[in-house]
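Consider the two complexes below, in which subunit A is the common component and subunit B and subunit C are the respective partners.
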Partner chain A sequence: MQPLLIDLSIAALALLVFVADLLMPSEEKRGLGHLASAGLVLILLLTFVLDMQGDAFGGAYVLDPLALWFKRVFLLAGALAALIALDPAEQAFARRQGEYYLLLLLSLLGMSILSSARELLLIVVSFELMSLPLYVLTAFTKSSKLSGEGALKFYLVGATSLAITLFGLSLVFGATGTTMLPEIAANAGAIRSPLLVLGVLTTLAGLAFKIGAVPFHMWVPDTYEGAATPFVGFLAVAPKAAGFALLVRLYLVAFAPLSVRFQPALLALCVLTLVVGNVLALTQTNIKRLLAYSGIAQIGYMMVGLLAQTGEGVGMLLFYLAAYLFTNVGAFAVVCAVGAASGSDDIRAYRGLSRRNPALALAMLVFLLSLGGIPFVAGFWAKMGIFIAAWHAGLHWLVLLGAGLAVVGVYYYLRIARSLYLDDPEEGAQPITIGAPLRLALIVCGTAVVLIGIWPRPWFDTALDAAKSFLH
Partner chain B sequence: MSASEAWIAAGTFTGVAFVIAAGTLIAAALLRVRARKHSEARTRTYECGEEPDGGAWVRFHPRYYLVALVFVIFDVEAVFLLPWAVSLRSVGAVALWSMLAFLAILLLGWVYAVKKGALRWV
Partner chain C sequence: MSALEILGLSLLALFVLAGALGTVLSKNLVHSVLWLALALVATAGIYVRLTAGFLAGAQVLLYAGGVITLAIFAVMLSARIEGGPIPNESAKRGRGALVALAVAGLFGGVLLQADVLAPRDLPVVDAADIGRSFLGEYVLPFEVLSVLLVAAMIGAIVIARREDP
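This part shows the complex of A and B:
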């Protein structure tokens, strides 16, 4: 029972929110958001206090340091997303807040189980538990056509990619005769069946859709643009992290004996993702689309860590995910505040932000610097760590390519940062005020980004320990 | 089976899949009977069934959809209850409590549907 405690708590919290939604009078639904985020923070603290490691269901479910790291990322992302959604939710879908938080928590439960799953069927079921609420949440602003369009694209691509993943996994099962990942890892080296190679590659294509790697990225910008902004911060971080949890468990552990076969495919995906993400971000004029393409580029950097196929690489990937969580959720929180005040997600709305709300402009500057990887904020150490790990693994030219493209990235991030401070605000722009929950989320994200930037040591150590617990 | 034989088998499998797919399309193109253009036969409902009455693009009321969704709750319940009832004696008390927890969660879904007015026939 012990290893399941975190997931059971999340499920209990979801049911609690569900019941509270039924009992509360419709004027006081605001309390649901507080309940959800406070509950998630409580569960997060629980993960630090109790020692629950171990496995359940005959090894199909495991709580190891890797799963624990991912669960903490999900819980933090969920708590911040619930916090950020409080005020906009009040305006956009006051009557349906209960459903919003319930779906958020259920998706979170799916991710949390996924990060612990070591059995193919459990992986598929938890994967769907994660994905289905996300489609609904993307379409949550019912009155917006963009929201419906984004959700439909997301849903169609998601359903197709699931079918492809399932097909791949069925071939893997057919070739190895087992659904348990440790047994697949033990058998895979001895099996000379092309079915296994085909299965491994097909599964990779399906998962590439999920994490939004090029050329499977088409849905990302449209979905981000259409979905409600408070939710996009969550969508951009948590499901991607879950995808990487699965990639690590499948490709670095279970399919590791086949690495000669899938390494070239993974490498091609990584290079394409890095180049296309960074280059297409250059021409965007909508901040959400820009962050979507920049997110694709960030996925590329994380894949470099995966490609290293060493404990160090995975450790740096974990560190990157934590830095990316605070940075990206924070950046989308700013987009949320500016979007609510000016009614537009165009990057022109960010001109002279420092004169409309200096604190908000400073927060955005910190997040942009971190996304760009400028020294002494979290994003710098994240990129640095990934590149060093890849260099040690012998991927020299990939590191040089990544570093070159990071410079391209700095250009489009700093272009916005510059206009925050140096341009004049648009005619008739009013000062921006933000509510207390959003301010709290911004303070948490901003402080974390700066703190990790100044003192990354403990984060590096924990991430490396988690990774080296199963991979050397 | 050696590695190369296995690859040949996989290749043959893929080839047969393509041949069957392409074959049906080609056979349909060769064997089909073409109705004359602008003839009545060409615009009629395909193959069989009732002659349609009125347009197909009418609006369906979403209440049918809601009732169908609520039905799924009980449908799933029945699917799980049957094997549970058969094996309850051999599995014992754990099964009893697990099923009660499951039913409680399911009941919540039903309460939700009633509370949100999904069963009101408006």
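This part shows the complex of A and C:
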């Protein structure tokens, strides 16, 4: 039971929130957010104190350094998301706060199990446990029409991609005769059946939908725009990380003997994602849509790490995910504060933010610099690491393309950064005040982004260590 | 495989295909649902042919029984709210047909190459075996599935409940 301890703790926390929701008077539901956030931080600390590594259920479930890294990313994203949601949740859906945090925790449980799953059935079930609450959470703001539209698109795409993934995995099972990933890895090289190749490619298409890679990305901007902002920060980070956990386990381990067959498809997806994400971000005027397209581009950079197919590539992918977590959650926290104060997510609302709230503008500047990959903040080392790993793996032209597009990215990020400081605020704009929970989240994210930027060494080492024990 | 068996299997496949086409092409939403029922029941027939009796039973009970009934309810209720039949015109049929044919060609080609058409001795799997594997080697996904159902239930309540006062 030792390896399952983290997941069991998350499940117990979900139950605790559920029961507390029933017992609490409806005016004091805010405490549930505190409970969820504090509980997740406690579990996060637990992962550093106890040594729980090992496997269970005949190898179907494993807690290795890779799973541990992902679980920490999820726990941190969940704790920050609960913290950021505290104030907005109380205003927007006071009576439904319990369900909000409960669904958040259940989704987190799904991700956490997924990162440890080494068996196809467990992968499918935990993937759905992650996705289903996300659809509901997207639709949570019932007063907004966009919220329903975004949720419906998200749900339809999610259900379709699940069907495609299931179909692909069933072909894989049919060709290999087992659902255990280690056994698939051992057999895949010897099986000459075209069914296996078809299964592997179909599964890739289904998963590309889930992580929002181009050309399967059309749901991303609408879903981000429609969902409540405090939730989008979570949506943009945690499920994507879970998708990559699965991609690493499936495509770099289980299907590794077939890499010649799926590498071209993965490469095409990666190039399209990089180009389309960066180019479409240029024309956006809504900050949430802009961050959505920029998020698509970031997925492209992470896929470069995957394409390297080396331990170094995976390590840099892990590092990128950590940097991306703090940067993106932080950026969406700022969007949340500005959106609540000005009632708009238009880029114009960010004009002269430095005069309305200097600290908030500084935080946004740090996050934008990190997204753009400017030295010396977290995002710089993340992109650098990915590019170096890809260069070592011989993907020279892909690195040059990625670097070129990163320059395009710098343009649209710095355009906003410039208007934060140099433009005048819109007429009648008031100073912005933010609540204590949001301030705490911003401080955590901002400090982490700067700290990783100045002193990336320990993060690099741990990430490479987590990947090394994994790929030979 | 005897000629009779091939005939039976082809007939089932034809029913599945007809049901699927009817579902997509029908202009009346209720008819679409009924065509879907045909496709689902015919699929259960194919399961019987593959000696998966329990799966066939579950298919009829859950899909033909549960899902179709729910779908008809949903169609009728939304028709009442809308005050008339709901249009069911598929947009961009040409492109849809093209994609469907391309996918069918790809999968058909691969299946023919893969040499899976030769009949094999299929193991008979009954409900007891499935139950044992749920509580044996697949106990963890089985347990996670129950958490998934709780999440689905809570989600349905959240979406269906009235707006906050």
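Rule of thumb we're sticking to: the second predicted complex is superposed on the first by the 471 of 472 C-alpha atoms of A that agree within 3 Å, B and C clash if a C-alpha of one lies under 4 Å from a C-alpha of the other, contacts with A are read in each partner's own complex, and residues count from 1 in each chain.
Operating definition for what follows: a contact is a pair of C-beta atoms (placed from the backbone, for glycine too) under 8 Å apart; a residue touches a chain by one contact, two chains touch by 3 or more.
Quantities reported herein were computed from a predicted structural model and do not represent experimental measurements.
Asks: In the superposed model built on subunit A, check whether subunit B and subunit C fit or clash.
Replies: Here subunit B and subunit C cannot both sit on subunit A without a clash.
Asks: For the three-chain arrangement built by superposition, which of subunit B and subunit C touches the greater number of subunit A residues?
Replies: Touching more residues of subunit A than the other partner does is C.
Asks: Just checking: does A:Leu22 make contact with subunit B only, subunit C only, both, or neither of them? Give me first, second, both or neither.
Replies: In the superposed model, A:Leu22 contacts subunit B only, not subunit C.
Asks: Touching A:Ala94 in the superposition: subunit B (first), subunit C (second), both, neither?
Replies: Once the two structures are laid over each other on A, A:Ala94 reaches subunit C alone.
Asks: Report for A:Leu195: first if it touches subunit B alone, second if subunit C alone, otherwise both or neither.
Replies: In the superposed model, A:Leu195 contacts both subunit B and subunit C.
Asks: When the two structures are overlaid on chain A, which partner does A:Phe140 contact: first (subunit B), second (subunit C), both, or neither?
Replies: second
Asks: For A:Glu119, using the defined touch cut-off, is the partner it touches subunit B, subunit C, both, or neither? Pick first, second, both or neither.
Replies: In the superposition, A:Glu119 contacts subunit C only.
Asks: Report for A:Leu132: first if it touches subunit B alone, second if subunit C alone, otherwise both or neither.
Replies: second
Asks: Counting contacts the way the document defines them, which residues of subunit A are shared by the two interfaces, the one with subunit B and the one with subunit C?
Replies: 193-195, 198
Asks: Using the touch definition from the top, list the residues of subunit A that touch subunit B in their complex.
Replies: Counting only subunit A, the residues touching subunit B are 15, 18-19, 22, 192-195, 198.
Asks: Under the touch definition given earlier, write down the residues of subunit C that touch subunit A in their complex.
Replies: It comes out as residues 106-107, 110-111, 113-114, 116, 137-141, 144-145, 147-148, 150-152, 154-155, 157-159, 161, 163-164.
Asks: Would you tell me which residues of subunit A are touching subunit C in their complex?
Replies: Residue positions touching the partner: 11, 56-58, 60-61, 93-96, 99, 102-103, 106-107, 109-110, 113, 119, 121-122, 124-126, 128-129, 132-133, 135-136, 139-140, 142-143, 174, 193-195, 197-198.
Asks: Could you pull out which subunit B residues touch subunit A in their complex?
Replies: Touching subunit A from subunit B are residues 2-3, 6-7, 9-10, 105, 108, 111-112, 115.
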